[in-house]
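To keep things simple, chains are lettered A, B, C and D as they appear, and every chain counts its residues starting from 1.
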Amino acid sequence: MKVLYFAWLRERVGRAEETVEPPAEVVTVADLARWLAAKDEAHAHAFENPAVVRAALDRRHVKPDAPIAGVREIAFFPPMTGG
Amino acid sequence: MKVLYFAWLRERVGRAEETVEPPAEVVTVADLARWLAAKDEAHAHAFENPAVVRAALDRRHVKPDAPIAGVREIAFFPPMTGG
Amino acid sequence: MFEVRVQSAVFDASAEAARLSDARTDVGALVTFTGLCRADPDAAGAPLTALVLEHYPGMAEEEMARHLDTARERWPLTGAVIVHRHGRILPGEPIVLVVTASAHREAAFAAAAFLMDWLKTNAPFWKKEERGAAGGWVAAKASDDAAAARWTAD
Amino acid sequence: MFEVRVQSAVFDASAEAARLSDARTDVGALVTFTGLCRADPDAAGAPLTALVLEHYPGMAEEEMARHLDTARERWPLTGAVIVHRHGRILPGEPIVLVVTASAHREAAFAAAAFLMDWLKTNAPFWKKEERGAAGGWVAAKASDDAAAARWTAD
């Protein structure tokens, strides 16, 4: 599974993308965020306030309780500020 | 006092403007419209339905009960269809 | 820059908009509304061949300027231009232009919609249609009155 | 003509608008919204020197196209274009363009405002400010969420 990071999440993690293979108990987007946060200090910093982290599964906005099974690409990013 | 007509009021009256000197008992815009309507058949046709005739005194929209004393220019026209 | 204009010539919407934003760094939102002449056929199927716009010279400009003043009182605009054509206008040609500029999009959008609604019902212009040999004066629409009224209802 | 585009180059708003109305006689209303980069100083008085826009390639275009589809379902549009820039943008330069065309002004205005509100809150773009040596990521605004929410409240 490919994980993408944007804006300050990218800066805090220190990379724009990585490939991960989470264990079976990681079922939802929120589970994955918690699992990633436990990897190291950089990830912990990126995910320190889950309330301001949004996610997209295969390029569609999802809620934290969305299941990640079968997903090829998951992106984490702050609230959008385009327009 | 100069009276201007626009759109189908102009066409019905048969002229774009005329100068009139109404008697003292003609006090309001509605009075003037009634007085003009009594002039001839063309004016009667123009003012046959007072509900669809709007007026401006010295280039400002007014209601039928507006007094015309001291006004230099009064215009009669149908509801606006610009824009 | 605030300006109202009545003219028979076709206007250049992009040039008017550029005058409100060029060489400035305080404009965050620029809204341009162009009203165009449609060829829509009437109930009998006759397409429109032209519109002839009559106006009240002097009052038209004054009324447009009063609407613009009202918009400036209601929204923080950095600039606005209203151009309204008169005379004979062919299908596909522009009739009216409203450009509003502001730091923020809500003000620019609201002021442009407000100005258009008020122009429709209060600016002294009258449209006559040419449909081949037929045609006639355009009747005012109740929906335009309702659109204008919403700005005073709140 | 309906189109969405993400690009780093400055766009030509008038050329995009012209593509929706040229050689047609069924467009009665054309609304162009341009969002521009402002130089507004921050609380400490430091003026903005540039915005850097990051986006999610692929998803940005897809999300814009989904918003455009929603707008087409809600309003009778004859055409619409959305262009959003990414990369480094200087004060005074345009950032985003929404053009909507319709037979009627209400649809063109509403669809343009709707598209802008949704772009602000749902299109995957993020702004970082440069203010001399300082700067930082722009925080999302609650007012933008509220603006977007009004389209689902009714």
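Keep this in mind: a residue touches a chain if its C-beta (ideal position, glycine included) is under 8 Å from a C-beta of that chain, and two chains touch if they have at least 3 such contacts.
Since this is a predicted model, take the numbers as computed values, not measurements.
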Chain hops separating chain C from chain B, counting only touching neighbours: 1
Centroid spacing, where centroids are CA-atom means, of chain A and chain B in whole angstrom: 72
Inter-chain centre distance, chain C versus chain D - centres from mean C-alpha coordinates, in Å: 23
Chain B and chain D, separation of their C-alpha mean positions in angstrom: 48
Contacts with two or more other chains, residues of chain B listed in rising order: none
Where chain C touches two or more other chains, by residue: 35, 105, 116
Every chain pair in contact, whichever chains are involved: A-D, B-C, C-D
Interface residues, chain C side, partner chain D - complex: 13-14, 17, 21, 23-40, 91-92, 103, 105-106, 108-109, 112-113, 116, 147
Touch list for chain D against partner chain A, complex: 35, 53-56, 58-60, 62-63, 84, 95-96, 116, 119-128, 137-140, 144
Touching residues (chain side chain B, partner chain C) in the complex: 4, 6-8, 10, 56, 59-61, 75, 77-83
